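Some structures to go through are shown next.
Next, two complexes with chain A in common: one pairs it with chain B, the other with chain C.
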Partner chain A sequence: MPEIKVTPLGAGQDVGRSCILVSIAGKNVMLDCGMHMGYNDDRRFPDFSYITQNGRLTDFLDCVIISHFHLDHCGALPYFSEMVGYDGPIYMTHPTKAICPILLEDYRKITVDKKGETNFFTSQMIKDCMKKVVAVHLHQTVQVDEELEIKAYYAGHVLGAAMFQIKVGCESVVYTGDYNMTPDRHLGAAWIDKCRPDLLITESTYATTIRDSKRCRERDFLKKVHETVERGGKVLIPVFALGRAQELCILLETFWERMNLKAPIYFSTGLTEKANHYYKLFITWTNQKIRKTFVQRNMFEFKHIKAFDRAFADNPGPMVVFATPGMLHAGQSLQIFRKWAGNEKNMVIMPGYCVQGTVGHKILSGQRKLEMEGRQILEVKMQVEYMSFSAHADAKGIMQLIRQAEPSNVLLVHGEAKKMEFLKQKIEQEF
Partner chain B sequence: LFQYCLSGHPTLPCNVLKFKSTTIMLDCGLDMTSTLNFLPLPLVQSPRLSKLPGWVLKDGSTFLDKELKECSGHVFVDSVPEFCLPETELLDLSTVDVILISNYHCMMALPYITEYTGFTGTVYATEPTVQIGRLLMEELVNSIERVPKAQSASMWKNKEVQRLLPAPLKDAVEVSMWRKCYTMPEVNAALSKIQLVGYSQKIELFGAVQVTPLSSGYALGSSNWIIQSHYEKVSYVSGSSLLTTHPQPMDQAALKNSDVLILTGLTQIPTANPDGMVGEFCSNLAMTVRNGGNVLVPCYPSGVIYDLLECLYQYIDSAGLSNVPFYFISPVANSSLEFSQIFAEWLCHNKQTKVYLPEPPFPHAELIQTNKLKHYPSIHGDFSNDFKQPCVVFTGHPSLRFGDVVHFMELWGKSSLNTVIFTEPDFSYLDALAPYQPLAMKCVYCPIDTRLNFIQVSKLLKEVQPLHVVCPEQYTQPPPTQSHRTDLMIDCQPPAMSYRRAEVLTLPYKRRYEKIEIMPDLADSLVPLEIKPGISLATVSAVLHTKDNKHVLQLPPKPPQPPASKKRKRVSDDVPECKSLKPLLSGSIPMDQFVQTLEKHGFSDVKVEDTAKGHIVLLQEAETLIQLEEDSTHIICDNDEPLRVKLRDLVLKFLQKF
Partner chain C sequence: YRDLHTFELQAPTRLIEWARGNRVCVAGYGQSDGNEILQLIPPPTLLTKETQGLCPERDFKVECGGFSERPVYSLKYVPDTSLLVTSGPPDSSLQVWQVSAEDSDVIKSVSTIATENGTGQSWAKIATISARAPWVLHGSRLDRVQITEVESRKNVYTAASRGSEELSSLAFLDCNTLLLCCATGRLCLADIRQPQSLVEAMSVPSAPWSEQWCMGTRHGAQGLEPSSQPVARLSSRGLLTLTDLRKTSEFLALAKAKVPSPGSGAEFLCVSWAPVLEGYLAVSGFDGTVHVYDTQSWDSSGREAEPIFVHKGHTFGGAGGSRDPPLVTVHTWHLQKPRTLLSAGSDGSLHVWDWVQPCGKC
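Let's look at the complex of A and B:
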């Protein structure tokens, strides 16, 4: 029987710094190279010494595959390739290749310029790292060498996200990265053919959740935003610049239009317009409906949503602000949060998962007194809402993917240990 | 391996390949040169065209004067234009399993095939091919349907009548097969049968054959195809380019080691250099406009027009043309310009890099933003308000028989200030212009065909080294108008096999091997025996399991277990026992020693006769003979079983068992 060895260098039973080493028929492939948002020390990057203690990365690894542009999947890439040293090929899809360096640069700026850290990767390193990237098409069979081939499948989740099949001879592994089995307002659903891999490595962020229908969640979200705005409160929605932000913008834009609302909606940072431009140029990666109508009306040109200026946060009256980053761990979203947290009329809506150690995670777990930098205590009186808009597959979706691909073995990663145990039992029951 | 050739047009091919158990159609191009025999379809009634005299036969009979009109010595059919379809009778097209499309120009006959022949298979094409192909079809249908023509001429098609007509109508082929344009519902139905594929995607057909599209460098999403099984490889090269224009470069390496390479879609203007033509295009355009004239560019709504706009983008300021309006008029103009910007993954490296910034890959976005380029769905509506002269108009159709180009030809044809510049190579410009004669307008011919020329082909063939080359017959001889140019043909060894319309070729390749997988547990049970140094053999007893055209050798089912109790044994007595396997024998029998052995065992009077295939050993006393041949041994004796067994054992002594 084929022997396939899987070594998690980052997220095994954890979310953040995804990095998995797969050895299959003598080939070594590294899947993702992420960072952990909850740490500021060595633990933020995967542990590459597992490989480097025996020699150079380039000699050991046949290739590196990046599933999508989220930093917990690609944030350690310049550190890995330029500081630890790797010169082999790095594969990712075209949109990921386009967007990933921008997010890396953003991350670098926050870490180095704002927090003043040294010994971090530089802008030049990001550029040099991206030169090693080979962009792949969906479904293209890429021959890495004579024996090793990889193939990308559409994964939903964020623009350009892909699942990868890694194949040597008749042995194969499928790595899902993060994926979403239900189409949303701007992306399609993940899809894979019946490729019957020996092993399926799937994320399991929402292992125990069977989420209620998308429509209900959207209605809930709109109701909460609407109520808060009606009573004169301010709504803060921490998001990452690309991904969920675009979906929620489309949602609010159409709602504002329909209800004829006047309260201003803002989107922080200059990335917005640029981000929307990426969606426009890579429209073939979005869902059917947007692709069909893009010539007549581009869904990513917003009428009601305007650029945010720092001074607006102190304006009186209601408003809705999308601010980055999404876990309230730094930057503009955290600044606005500090300003608005004391007023019970205001609301913060966390539309995605927050990793341990971030402010987002703390308030979601019920903490109302936060210790900020300089031993300052911040009391949170504003309402805190969590809405799972992040586009991960839920338990039902994971089962569906297993049914599609028909793997002989399933490995759960990128989730919390207890939840994974539950899903494990469920999979064993059903298959 | 058979090839059915359904089209005679070398750049609009349609071939069907029978390979293993699959039937694969390669492209379905629509020959539109037939429309040149028809009168143009003007959007607004043209007094000139409607006054053309009817054609009268030499003997003075006028029965065709309603159908045929004469213009400057040429005769045209006054009817809705018709197209020359691929052959539909050469084989039953409902048996076609898949259709592989190589580029958007080569799919224009698709609705005729998928909607009228009982086709039930799948069509494979890349996303840009489908999207732009749809635009081309939409434009075609739109420009013909919006000018309803009462008359549908058919009398002239009668064989007896056609014989009497002047050339080229007299020589037109298969006129009875010519068909009117399809409708939008048919286009939508046809396109719904397409499955999208990406470059280098391996697509399994029934487990028997694998097909793979490769970038061909000619147009957005254009592809060549590899059709292969485990031991055979056919490459289909159609419309490829090595020039750096906007599409992703051609993938040549993957064409290597082909048994057969089918070569179609070479440049139609082998003597023209595309770069030079673009230069001439720009200078003629500038000169006309500077003199106060208008420029008309008959073109398709996608393809070379993107490159022309890019050249003009760089050229207009330096040539002082920044105030001249550029109009692009087509029902799909807007869609075409928008679509071109979203196929980043299918573009050349430079354009891809722009998208990463993110900036639109084509500069026509800026031309539109700065109002230098304006696009309109037709000459009606907004265009008539905005229209300023002198100007440059890009519009279709390049045949000059339908579309808004007809209007501009009638409008501008009378003034020598204006110029029509032909850039599309698909139609002879003189034939295209014939129904507009006499013309005062200047005509400039700058055909831009980026497809492979013969020098590039011979280089390519040297590089990829196919065992056999198959191509349309036009490529195996110099062009008829330049018969001395022996460099304008394919030169390869062995000489290329040529095909013509309605021919069936047996491709010079025989299948000899098939791949069989062996299960690990079966492989484990094999005991190889070295019969010669370095060569080991093992017998394999297995069950051959064939499913989805995949063959697997599995362990044979185990003989039934000996039953535990006596009672059951009786039942199992009825079950025939599994035959124990006979050993395999090999070797040859040395006659002298065999005879000696026989004699030793008491046979006397042994006689040996030589035969053509071996020997016969006669045992006269026992009235028995032993026939020894290369691949068989027979012992023929009269019902004496002990004797046969004895002789058999003596033969076996000389043979190796395993």
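Let's look at the complex of A and C:
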């Protein structure tokens, strides 16, 4: 039985951040380097002192692997590489490499500019950090050094998300990051071959959920949008740009067509260009359906969805607008929000998690009076809704993955051990 | 609909039981080993009085689970304890389990309540009550009805024998009165203080072909005499009889549910009274639908009744035309929200739905 050591790095029982150290046959690999989104102080960073006590990080660690661009998996990377100090290779997939810096910069802007924090990484640090990144392709065996090799597998979940196999000689570990076993409108399902790792490390936070069907969530989303538009209101959907926005567009377009609706739907142009660019680059990362449509036409050539112009926000009458950024913390989506917030006929639908300190987070927490620049108070009368389409594997999904990979051992990473006994027994029973 | 949520369980269930703290319990009934008993925490949308629509937390959470070697056909929580009791083939014995959600998320098998001449009988129907001690009423046949104290497994009462018909369900009306319903439709009342006596209620109309019956009793109505609530009986042909237990010599009402005939057998027949809406009941087990009826306008004519609402969600489940459409295996009403029901299908689907009262009826 090979000795493989796994050490989650962080303060206390952490369900909010991923950063795992794996020691396998003398090699040390760090899996993900996430920020804990709930804390405002140093607790948000993983505790690297555990490894620094062994000497310099660059000497100790053979490589760092980042599974996907969500901040709870990569948010602490610039801090780690530039402020704590690491010069070794950082591996991630191509889409992750392209998207990470955008999210990190956004996050930095909010934390430093909006909240005035000082112990935080700078824009230059993000750039320097990304210079250390080596992008990998799916199923490509990457030789980190003579003994250590890694391979990325498709994980679904978000664009570019991957599960990684780490192999040294005949010992191997598979780390899943976040994954999804059910395909959605724009991403496929996670897949791995029968690689039979000695250890499979998977997060089991969502193992206990029985998710309601996508059809229902979509139906409710469309109902809300429809109701608002019918009464003459405007719907603002702040989006990050990739993936989810795509899905929602396709959803609305189909609905508009079926119901013969006339209200305009807009997509902010900056978004369109960026998204198109990324999709062209990463078309292999989306699912079959999208690839087929892309071949036939431009991603954003929708019949009912047009490019947005700032002036349209003042047009009377109903409309739906997709605008960046996703957490309403700056830019166009915030501008539009300020114009529309005072009217109760309007609605804003947040399609994802919002970092603390952003307007998005505040209104989702129930705040209805916001302090804007120049001490101006904005009263929020518009309806605030939240709709999460992001998917994680549930118990069924975890079982499916185990069936595919056939590991000898499974490690469930979760906050409370006693809440995992049932899943543990379930896995033991079947395998 | 005002609201509709659909979920998919890993394995289909034929029971949905409410537990303390708004928990819901489901369990697998597959032939092979490894059936799971799952105690679920419903999404917050279900727990609040007002419908929230796009609520962030829309999922069920498995709070704890257990593994049963046999298929679980019936499950009842034992009030005032952390125990629950299950039953299922191949015999009429009961399995006792311990739920301790705070310490561990595993529902542990604790003991078995064996029954005399247990083998060869079909599975036991069960009912529990919070009486002087935690009791479970159980039996597979009319001549095998008994009450056992759950923890000590001591027999407390055995009903007098009046025939060996198979039972379809039984219930406690109060801590002294039992209601037994046979598959033939025969309804019997028993007072446990007088073990020898068994009072019979009006039989159901006899039919040229055999049909199976089940019953639904109303509970949860505060301060009302349990025996003043009519008992509903449903047949596999769709006939519904309502009986007032104080006047068992005649029917309160007789109607026919609007269901396909011939039905799909009696395995999943289910009829239940709404805990909040007076006179409303729900019926399922014939196909992939659940019907809601308002019985207040019913008479004894046996006419076909028009449902107030039909939930068709389960018929749209399935993976495609090649498979048979799923059957609704069980349904239950939400205990506080007047128009919310939960229903499960043989394809593993679990629906939570809230129907809108049609216009003209307030």
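FYI, the second predicted complex is superposed on the first by the 271 of 431 C-alpha atoms of A that agree within 3 Å, B and C clash if a C-alpha of one lies under 4 Å from a C-alpha of the other, contacts with A are read in each partner's own complex, and residues count from 1 in each chain.
What we mean here is this: a residue touches a chain if its C-beta (ideal position, glycine included) is under 8 Å from a C-beta of that chain, and two chains touch if they have at least 3 such contacts.
Given the structure is predicted, the values throughout are model-derived calculations rather than measurements.
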| item | value |
| --- | --- |
| First, second, both or neither for A:Cys216, with chain B first and chain C second | second |
| Contacts of A:Cys249 with chain B and chain C, given as first, second, both or neither | neither |
| First, second, both or neither for A:Gln425, with chain B first and chain C second | second |
| Which superposed partner A:Tyr278 touches (first chain B, second chain C, both, neither) | first |
| Chain A residues touched - chain C or chain B, whichever exceeds | C |
| Touching partner for A:Leu138 - first (chain B), second (chain C), both, neither | first |
| Partner chain(s) touched by A:Ala98 [first = chain B, second = chain C, both, neither] | first |
| Touched partner set for A:Ile66, first chain B, second chain C, both or neither | neither |
| Partner chain in contact with A:Ala405 - chain B first, chain C second, else both or neither | neither |
| Shared contact residues on chain A - chain B and chain C | none |
| Complex contacts: residues of chain B adjacent to chain A | 127, 197-202, 212, 334-335, 338-339, 341-345, 352, 355-356, 358, 360-361, 520 |
| Residue ranges of chain C in contact with chain A within the complex | 4-10, 34, 36, 40, 43, 53-56, 58-67, 103-106, 350 |
| Parts of chain A lying in touch with chain B, wherever the complex brings them together | 1, 94, 97-98, 135, 137-142, 151, 274, 277-278, 280-284, 294-295 |
| Chain C-touching residues of chain A, taken from the complex the two chains share | 208-213, 215-217, 219-221, 223-224, 349, 364, 385-388, 395-396, 418-422, 425-426, 429-430 |
